[in-house]
Amino acid sequence: MPARASGRAADALRPVRLTRHFTKHAEGSVLIAFGDTQVICTASVVERVPEFRRASGGGWMTAEYGMLPRATHTRSDREAARGKQSGRTQEIQRLIGRALRAVVDLDALGPRTLHIDCDVIQADGGTRTASITGAFVAVHDALSSLVAKGLLPRLPIADFVAAVSVGIVDGVPLLDLDYSEDSRCGTDMNVVMTGAGQFVEVQGTAEGVAFSRAELDRLLDLASRGTAALIAAQRQALGVPA
Amino acid sequence: MPARASGRAADALRPVRLTRHFTKHAEGSVLIAFGDTQVICTASVVERVPEFRRASGGGWMTAEYGMLPRATHTRSDREAARGKQSGRTQEIQRLIGRALRAVVDLDALGPRTLHIDCDVIQADGGTRTASITGAFVAVHDALSSLVAKGLLPRLPIADFVAAVSVGIVDGVPLLDLDYSEDSRCGTDMNVVMTGAGQFVEVQGTAEGVAFSRAELDRLLDLASRGTAALIAAQRQALGVPA
Amino acid sequence: MPARASGRAADALRPVRLTRHFTKHAEGSVLIAFGDTQVICTASVVERVPEFRRASGGGWMTAEYGMLPRATHTRSDREAARGKQSGRTQEIQRLIGRALRAVVDLDALGPRTLHIDCDVIQADGGTRTASITGAFVAVHDALSSLVAKGLLPRLPIADFVAAVSVGIVDGVPLLDLDYSEDSRCGTDMNVVMTGAGQFVEVQGTAEGVAFSRAELDRLLDLASRGTAALIAAQRQALGVPA
Amino acid sequence: MPARASGRAADALRPVRLTRHFTKHAEGSVLIAFGDTQVICTASVVERVPEFRRASGGGWMTAEYGMLPRATHTRSDREAARGKQSGRTQEIQRLIGRALRAVVDLDALGPRTLHIDCDVIQADGGTRTASITGAFVAVHDALSSLVAKGLLPRLPIADFVAAVSVGIVDGVPLLDLDYSEDSRCGTDMNVVMTGAGQFVEVQGTAEGVAFSRAELDRLLDLASRGTAALIAAQRQALGVPA
Amino acid sequence: MPARASGRAADALRPVRLTRHFTKHAEGSVLIAFGDTQVICTASVVERVPEFRRASGGGWMTAEYGMLPRATHTRSDREAARGKQSGRTQEIQRLIGRALRAVVDLDALGPRTLHIDCDVIQADGGTRTASITGAFVAVHDALSSLVAKGLLPRLPIADFVAAVSVGIVDGVPLLDLDYSEDSRCGTDMNVVMTGAGQFVEVQGTAEGVAFSRAELDRLLDLASRGTAALIAAQRQALGVPA
Amino acid sequence: MPARASGRAADALRPVRLTRHFTKHAEGSVLIAFGDTQVICTASVVERVPEFRRASGGGWMTAEYGMLPRATHTRSDREAARGKQSGRTQEIQRLIGRALRAVVDLDALGPRTLHIDCDVIQADGGTRTASITGAFVAVHDALSSLVAKGLLPRLPIADFVAAVSVGIVDGVPLLDLDYSEDSRCGTDMNVVMTGAGQFVEVQGTAEGVAFSRAELDRLLDLASRGTAALIAAQRQALGVPA
């Protein structure tokens, strides 16, 4: 496979770093790096559920996403100052929430809410996939702390989950796009997969020309390989062998 | 294939109706029905472009989406009264805009903006896919009117575009889900395709259990068949043979 | 009387059409047309009352109004996207609510709320008067459905109610102004009246020159005639003889 | 005529006081009292016009209205803190603006805007009619100051304008309702009239039972008498004989 | 000491006027004037406490601040129309609330809230210090009315509180700056003090050059003198000897 | 002096760490730690000035402040999601901006704006003083980069600036309060000082009992000592000897 500007192979991830216990207050707190992309992911336990889950006896999990104004090449407006979250922000935080809910047994969580916060402190492409991958580790830590305190009998987690971006740049399918690749990319796809290799989300968009079924297949192959490697990194960080 | 509650085959669309010139002011105005789902799609020409396109000399196209409060089983809040659009609304209108921009040559449009408005007056599943499919016809009419007035030398449309939902309900892959199917569905996917059978968007979500590569493949097959039939319906409504 | 651009007599209404059961989910759903002005009016029953009515044991009724962005000659901003309803919108929806509350016995409604939604899909003058006239039929249908289900012993409606605009154009008092008349009009008045010929609202505004008592009297005569004809149309649509 | 709780005759105004030059910065600044209702009305000259008037070469005039939170019996929320103006506030400020624009020649105003601010410091019914009546005097002062500075050749005011409320309380038509009357009132009407006795606005609402043409006529008689007396008070305050 | 533009000595206050019972509905209502600065201060009793005080059994006190749009030299936007309070407004109303809470025994207030509203009707510098000084008198009246009605056994007020601005203008420390002094001032300080001469708030800001410890000391001396005089004026207005 | 829970002396700072070039995009990027309080401070150069500075030819500098939702013991709402910044946030960011503007020569900056962003990733008391102290280093780096690129002839910085909190806890004046001290503290003061030992801001608040002039003097002594030590740390981090 041809090398990229960074020297990476087309099917190689950027270096992944997972730093647990990054800040001290949250029940789960992880700094994840996909190369130069860095995201603080925290999972906070709140002993309360939203109205629509109250009758169920079970819990809820929701996610929010943000970027520091100067996480990017040029400064973007602070969403708190503008008074509203962009459509892009809302789309991403809805995606993170759905991805994590796919592997957590909310009914076994008891009447509590897990709040996931993913805050990008440095952006270089792939912030949403790094957020999902880091948030899983933070959620694992937060839920383990509930088990350790005797508040839950067992970890209500059905499987691991991780996400990666893939795309076609200058006709070549690439794994884990950085910003310079992402901005030249014809087709961009974010894929969320479980430890069992099943799909949770597939979101592919033709930015320029539409893509063929064969290209789609090749991108899904790359994504499977990438998420498997990310889940291995999560296992190692958590000390949970496969 | 097993029949559904509605008696439809698993790979059958609901009856599609496209009513052009539905309202009188818009340059393009279409009422589209996918069964009981009904959406008014208008395309409005405005002789102005947003700041970021000004230097280009070309045009722009953007979409907005809304639902009448009682388009649904129970009344939902009016977004104008609540003072903000939901994340779901923003996600859908961003999707519609991307889908249509994939087939319109904005550089050939001249310094004008096409505003697409998709307003759901009755909802029974598939409102976003009906919106995209109907909006294409409205855009075609609006751009044809510019050609007819001599404002454009030729139609700046590269291909047709249509969208359909597919999903796995009780283990069975189904085409074009209605509301009752959508609400019981394990995996839900919206697919946007061109007349040439290429993909513009693939958005698949596991609502409950994650899905396998084989299931994904089967859903993509159904979606290809469905969008081809929708594009045939667009051609017939517009009187444009393939 | 002199004919108008449309050929109508000065004291003639535009053709009125009332289509009941226009959409399927709402308890009352009516498409009303005053000529080219078309409004979808729905009445939704919600088994809950606002705080300030809770102690009373009775019900409440409230109205919201909107226009599709391209209901008008040139596209107007979507209020949901702008994040607030205009003063004009609020004024109109407050008027609709007051007009309907004047003829419905809220105390006899039980602890439920009727939400009226009037959404203009095509505008050619008189959208607020068409909304009131159509909303009455939708409310009648919604309340009749409660009687039919045994939830109310009898229809809590004291009288019919309808509304019409009148105005002075080029010195001539006219009934039921269309958009071209409305925009050239010196004095514009909206009048809401009951089946008994009593006044519920009189809202007259001198857009240019102030108007005399004699002119006001002539406009009120026209409005009485117009609302009587509209109430006859409501009766016919509902199959309720006078 | 029967006396009211206050001892006033049914056709009597409350004592009217107009204090010019009430605050020092505004070009026109008037404290108006209708009995216990007190409103500060200022007219501010700004050398700029809104976009839609720019091509015309003429000016613009607009009004805003507010109430101090404890102007009323019980404290109401501060609109600035809630982050939006109520529908009632918007309705009133639109009414004030239209009423004043009816007598000011905006084309003769030059490229400047008059901002009218009506702030209720104590409320006892009739705040919108007091606002219009006081605002006219403030506008007269502000425009006179432009004439005095040589910025305008003559006062661009076509006539005086004033407003009063009338209503039917316990079956008796009354002029200039105070709060206790207003809250028991079956029909409530605000009438804006010129010095020539012509109507600018008639806004009548049946709060409870609908009203007859005869009652409407009686209320209009009272309103004519009331506005004539208010215009006499304006003339006296301004030292402008009829 | 050198005289100022106004002829005042450097350590002299502007004339202070306190008008109690300025409006009729509020439990406490005071018009305070510091020279040409005029503020209406009301204290409203509401028989309810915010959530976070509910368990305590005690009460709460909070303040809001506003300016009429034309209280100033040039008209400023109405915050209610803009839809948000400025940072300056929020800073001031937080300051007023803290200042008053320092001398009122909230635990002895019972489960009720005092709402303080300070509305500037004419501004000439020192609006926040006039607000605090006037609000104390309004609060004293409101609490006295509760004692008079037997709702409180004794006045839950520990001490008087007043505020004044001091600053360095052209190198000279001055007491109670008016607008023209404030806008030329290098250092600006607002000081809130009790009847016992203790500090509640010290807020000093170098607008241009930083200030020395000696200058700070001199400003604190002036502020002590000024607040003592203001508290004497409060005592006189309330008829409460020291 | 008595030791504190942490073992620190009453007049001792917590360990201060300044990490320059913490993120890669901003012209200045600093992670500052005051003990467990950690703030990312960036300074971004934008080649544009706000309207009110355009005529001057000079530049502008402004600051924004935020906290990650789980920077604190319990999760707080995300301000971007709530749609507005709290009064506290606005107060802090206004303070940071004023503090930095006191030592930067905006006229010498040319027509560009420095945007300071202070984002708290972990909070343990003193976030606003850490923000100011770290922001100075970020601004120094950003301005140095402009000098290095030849865009400025010399560094437009007149002096260093740093900030520290002081307070009285259980009667003892303490320097640099951590969260547990801050929450038990009777008087809380934030002091901003220059390298020359002059005051830029003094903000002291009695949370419980008012404080005496002697206590104020003692707190100012502690603050002078603390800011001098912080400025020494800034000098060391920047490699700029005194």
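A, B, C, D, E and F label the chains in the order they appear, each numbered from 1.
Note that a contact is a pair of C-beta atoms (placed from the backbone, for glycine too) under 8 Å apart; a residue touches a chain by one contact, two chains touch by 3 or more.
Predicted model only: the values in this text are computed from it and were never measured.
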The chains touching both chain B and chain F are A
Neighbouring chains common to chain C and chain D, by label
none
Length of the shortest touching-chain route, chain C through to chain F
3
Please state the rotation angle, between 0 and 180 degrees and to the nearest 5, that superposes the Cα atoms of chain B on chain C.
180
Using the average of all C-alpha atoms in each chain as its centre, how far is it in Å between chain A and chain F?
33
How many angstrom between the C-alpha centroids of chain E and chain C?
51
Mark out which residues of chain B touch at least two other chains, giving numbers and ranges.
83-84
Using the touch definition from the top, list the residues of chain A that touch chain F in their complex.
23-26, 29, 36, 38, 40, 42, 44, 46, 64, 66, 68-75, 78-81, 83-85, 89, 115, 117, 119, 121-123
Seen from chain D, its contact residues with chain C in the complex are 84, 87-88, 90-91, 93-94, 98, 102, 159, 189, 193-194, 196, 198-206, 209-213, 216, 220, 224
